[in-house]
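Structure incoming, see below.
Labels run A, B, C and D following the written order; every chain starts at residue 1.
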Amino acid sequence: MENLAGLRRIGVLTSGGDAPGMNAAVRAVVRTASFHGLEVVGIRRGFNGLHDGDMDLIGPRDVANIIQRGGTKLLTARSEAWRTPEGRAQGAEHLRHWKVDGLVVIGGDGSFRGAHLLAQEHGFRVMGVPGTIDNDLYGTDYTIGYHTAVETALDAVDRLRDTGASHERIFVVEVMGRHAGHIAIEVALAGGAEEVLVPERPKPLAEVAQTVRQSQERGKTSSIVIVAEGYPGGTDAVARAITENTGEETRVSILGHIQRGGTPVAHDRVLASVLGQAAVEALLAGRSGEMVGEVCQQLNYVPFEETWTKRKDVSTNKYRCARLLSC
Amino acid sequence: MENLAGLRRIGVLTSGGDAPGMNAAVRAVVRTASFHGLEVVGIRRGFNGLHDGDMDLIGPRDVANIIQRGGTKLLTARSEAWRTPEGRAQGAEHLRHWKVDGLVVIGGDGSFRGAHLLAQEHGFRVMGVPGTIDNDLYGTDYTIGYHTAVETALDAVDRLRDTGASHERIFVVEVMGRHAGHIAIEVALAGGAEEVLVPERPKPLAEVAQTVRQSQERGKTSSIVIVAEGYPGGTDAVARAITENTGEETRVSILGHIQRGGTPVAHDRVLASVLGQAAVEALLAGRSGEMVGEVCQQLNYVPFEETWTKRKDVSTNKYRCARLLSC
Amino acid sequence: MENLAGLRRIGVLTSGGDAPGMNAAVRAVVRTASFHGLEVVGIRRGFNGLHDGDMDLIGPRDVANIIQRGGTKLLTARSEAWRTPEGRAQGAEHLRHWKVDGLVVIGGDGSFRGAHLLAQEHGFRVMGVPGTIDNDLYGTDYTIGYHTAVETALDAVDRLRDTGASHERIFVVEVMGRHAGHIAIEVALAGGAEEVLVPERPKPLAEVAQTVRQSQERGKTSSIVIVAEGYPGGTDAVARAITENTGEETRVSILGHIQRGGTPVAHDRVLASVLGQAAVEALLAGRSGEMVGEVCQQLNYVPFEETWTKRKDVSTNKYRCARLLSC
Amino acid sequence: MENLAGLRRIGVLTSGGDAPGMNAAVRAVVRTASFHGLEVVGIRRGFNGLHDGDMDLIGPRDVANIIQRGGTKLLTARSEAWRTPEGRAQGAEHLRHWKVDGLVVIGGDGSFRGAHLLAQEHGFRVMGVPGTIDNDLYGTDYTIGYHTAVETALDAVDRLRDTGASHERIFVVEVMGRHAGHIAIEVALAGGAEEVLVPERPKPLAEVAQTVRQSQERGKTSSIVIVAEGYPGGTDAVARAITENTGEETRVSILGHIQRGGTPVAHDRVLASVLGQAAVEALLAGRSGEMVGEVCQQLNYVPFEETWTKRKDVSTNKYRCARLLSC
């Protein structure tokens, strides 16, 4: 394809919470750039490293054998410095020094805010790639890392089901999702959970306890309740309400950070590969200030602002299906 | 929802090659039926069992704790008897005897032909659910079992990459897909393979060997070539061509039937749950003679005939991406 | 072998915390008994079910396809009733009613106390099989479930390492082991952890913090500290001490009940098979009041009392090796 | 510990077929050496690299984050050059040039022959560490890589059981083991196989077929027969004999090279760590010309010659147990 933007060297960084598949996305960016004759600078520790000038040239062989690695070899970090115009100006200075004329930012909406400011204040071409396990980004059906996090949480739920069934216990399991219930609903449906609680659909705890009680009256001797991290009131309150209403002991399991790591599943590697390629080709085609996602298996471009001003709701169909099938 | 079709008792069977997630689909059919006040008859060994009258009533507790099991508890088999009008008439007789007035068939296009004939010749309401690892069914983005088969094959490729890289060897890996390259392309892209060969895109073997040689000239010391089972000429011919053209030894690995089994991944359990529910609700709404699939995360109904008369092509974008990123 | 004890029908139960491989042990008991011409009664919910008379005859086909299942199909429970002589007398009555003349108890030292009392007070022949993830039983190199729990915890640590390395963070990870550090030491050594804390080797928290600081001074940017559940003072205190002494944020991850479930690894299935067979053959040979374990790959019989009066220490070699190799 | 041998710099190489855990062993060698004040030279591609002088200094940070990686970062290869005295003399020359005064060789008995010749002909101190998936080395209960290979093969057998049970089929599964049946027996016992065939215990094929037929007569509708790679006559002959004697179709599955790769299980990482440490400390203590293994959880030293002149038999107990429990 034609290099409409006249690019010669682009930068790439990963930012925000790490997500399985970020390495695959970096690999795709580096190799696509190389394929189209561009050089690539790898920036370490996200905007923090951009601010500090912590970067180096990387080539296709440097990203060999990382497609299957969890985490991010470019590292990631929060950046206080990037919150100030001075901090961003210094980052822009480093980019000019390194002769970087385009940037790919892999991360979530917080990272895209940082990218947006860089583009606006300093005129750099920037494209975003959605990398976050929470799947809470508008403009893409799925984010990189989401499917792996779902599998990790589901594996844990399968294990808890084994022990829960053997002891005829009730487990309340907290999965990740500070503002969104995507992981919770997918895991609940796939794990055959008796109830699922997500921030997007709050309900009275008495109703939750009743669901569990009814499920036991129908002959179920163990139950699993999935709670998204960000559910109002918190996971312990859910467990207490169940105990109070059913008289049954409950066990709480907080899955936590294990959901961030691990070898990415095929879906995340493929999505990362496709979107990493697309981000570079979008820069070549002259695009900027957008995240590239995938909707209905087609590339989809949305302005950075929409990733934090618009919301992607959880699937009502899956939410209902999870509840119906736990009967 | 209203029971427009006046159904009281439905049957369910799994047919053709087994696929991970079939149990989740059976569970969804049984529980959705129960939720809507219908009884369910579970038919064993596909159309073979329908012909033989090998069936029993099953309820919501009978499908407890199977959502995570590979294979199919209803068993599956090829049926010679079903190829004849007499055989099908006998199956219809059994259905009438059991007072079954609707049927859900979980399987591939061969199974839908059998379902189609039953519907046409004997007036039964039948809905199909796409269950096959090959993902080669028109009318649905994905089939139940496909994502699990991809993960199983990918895990094997990751392992082969470990040993291939240590010995600096070339591996030619055959994955399933008698007529379709969906698994091959997904695994190649996710596994970082150097080349992928699918029946839909045949190419001269000399070109394949050249790709491998060039990849070695770029500094790669090991290579993986993914070949779909149904690739013209076969996997051994590919290996021979590479050896002849590069002078390098190659190892062939046929992954085979392990790709059929195993705990289904979340995606397959969720798809099976959603489509199992949808098939029952379609029967209730008066639909028949169709497969229900999912396209762009929406339910999609296609007449049985289209599942074998129309083709779903492999993704050209992913095919190209796999090749570009192996640079 | 000869049936020296003149047995005709034996019982089997699982008791205490469930452990992966208990199903494999039950299968081995049932099939070995069948092989030697004995009938088997499966008792549900441990001593609770024995007290309640909750049992049934089971045969070789009833234990088909369970060797790979986590949890225990016979269920398990705590039993208040069994703490009283009256409760145990009632259980003995049920055994006589069912004509059970030998019993295999699969569990930990608490379960063996219950078995011991039954043998002493009511003259039943009882053999014990060590089933507990903690590996804290004297008289056997390993307990059934231990190796699976180690793999589950190690998989979690590998995942935490991915995210810890990406964010350059310190993780404090609590693994199971209320009184014993076997899991902790094995996981620390296999996971390349920077420090491991077990109840058998308490040390000042300041020293722990110093180890972490030194490891960072040697260039490590992320650290993992493994803490056994029963470590004096608890996991949170460890994390606080590290933060106070290094000035670095720490994240705590409590792995919890996921370590109890899951498909057993080969080692646990094999050990369960060998010991299940051995327990039945010990009853046939006239033994009673003992646990059968494996030491140096040979069967080893110890009186029940020794399982709670004697201690098995953690491996000093592995403990030292874990620390030396984290340099 | 005291450096009795006056060592200052040691070399390490991996040789023969790669095995999961070799990286953990290399890490242990490097870090133990560093702990005791020694420098380490990493030699690439086994004796081939030693012959070619393909080596470099490596330190503790170079082996960070490899304990969990399959394969070997030092690479491995067959070496024609090492078969000649001239070839070995050239290797010795390189070692002298690099001032290497001790060597750790990680591999199987073929590798130990090469090590033995180097020690004898050129007076180098050499210690061996048993790294091979086949577990066929005298002098150690287990070899590094064996337990991971067993898990990989067992996972495949679990998957085949899923599809075999669904289709009521007979599967004949070939696992690795050119001269030894350790993997086959462990997998057969853990996988609940109906029959297992190992080179150490040949039997008439008619008897095998009869076992399968009898197992079907007892009500089993699917069967799994495990065959070690080196079984006389080969796997296909086994399958044909079963088909001819039972009239049932059989499917053959050759698991092949996937058994070599993958993240090592805890057991292999721990064994590799312990033996890597022990090999270096043995050199320091003045030992040479031996392999260090583990017997009954204690270090065990055997002269190199015994690794190929003495045999380790398969476990008769496990072999019998596998057959008894398949009843």
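One rule holds for everything that comes next: a residue touches a chain if its C-beta (ideal position, glycine included) is under 8 Å from a C-beta of that chain, and two chains touch if they have at least 3 such contacts.
What you see is a predicted model, and the numbers here were worked out from it, not measured in a lab.
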Quiz item: What is the set of chains touching both chain B and chain D?
Solution: none
Quiz item: If you take the mean of the Cα atoms for each chain, which one ends up farthest from chain A?
Solution: D
Quiz item: So, what's the distance in Å between the C-alpha centres of chain C and chain B?
Solution: 39
Quiz item: Taking each chain's centre as its mean C-alpha position, how far apart are chain A and chain C in Å?
Solution: 36
Exercise. Measure off the straight-line distance from the CA centroid of chain C to the CA centroid of chain D, and report it in whole Å.
Key: 28
Quiz item: Residue numbers in chain A touching 2 or more other chains?
Solution: 158, 161, 165
Quiz item: Who touches whom among the chains?
Solution: A-B, A-C, B-D, C-D
Quiz prompt | Residues on chain B engaged by chain D in the complex (per definition of touch) | solution = 14, 18, 20, 22, 69-72, 75-77, 152, 155-156, 158-163, 165-168, 171, 251, 253-262
Self-check item: In the complex, chain B residues that touch chain A
Solution: 27-28, 31-32, 34-35, 60-61, 64-65, 67-68, 141, 147, 150-151, 154, 158, 161, 165, 186-187, 189-192, 218-220, 263, 265-267, 269-270, 273-274, 277, 295-297, 315, 317-318, 321-322, 324-325, 327
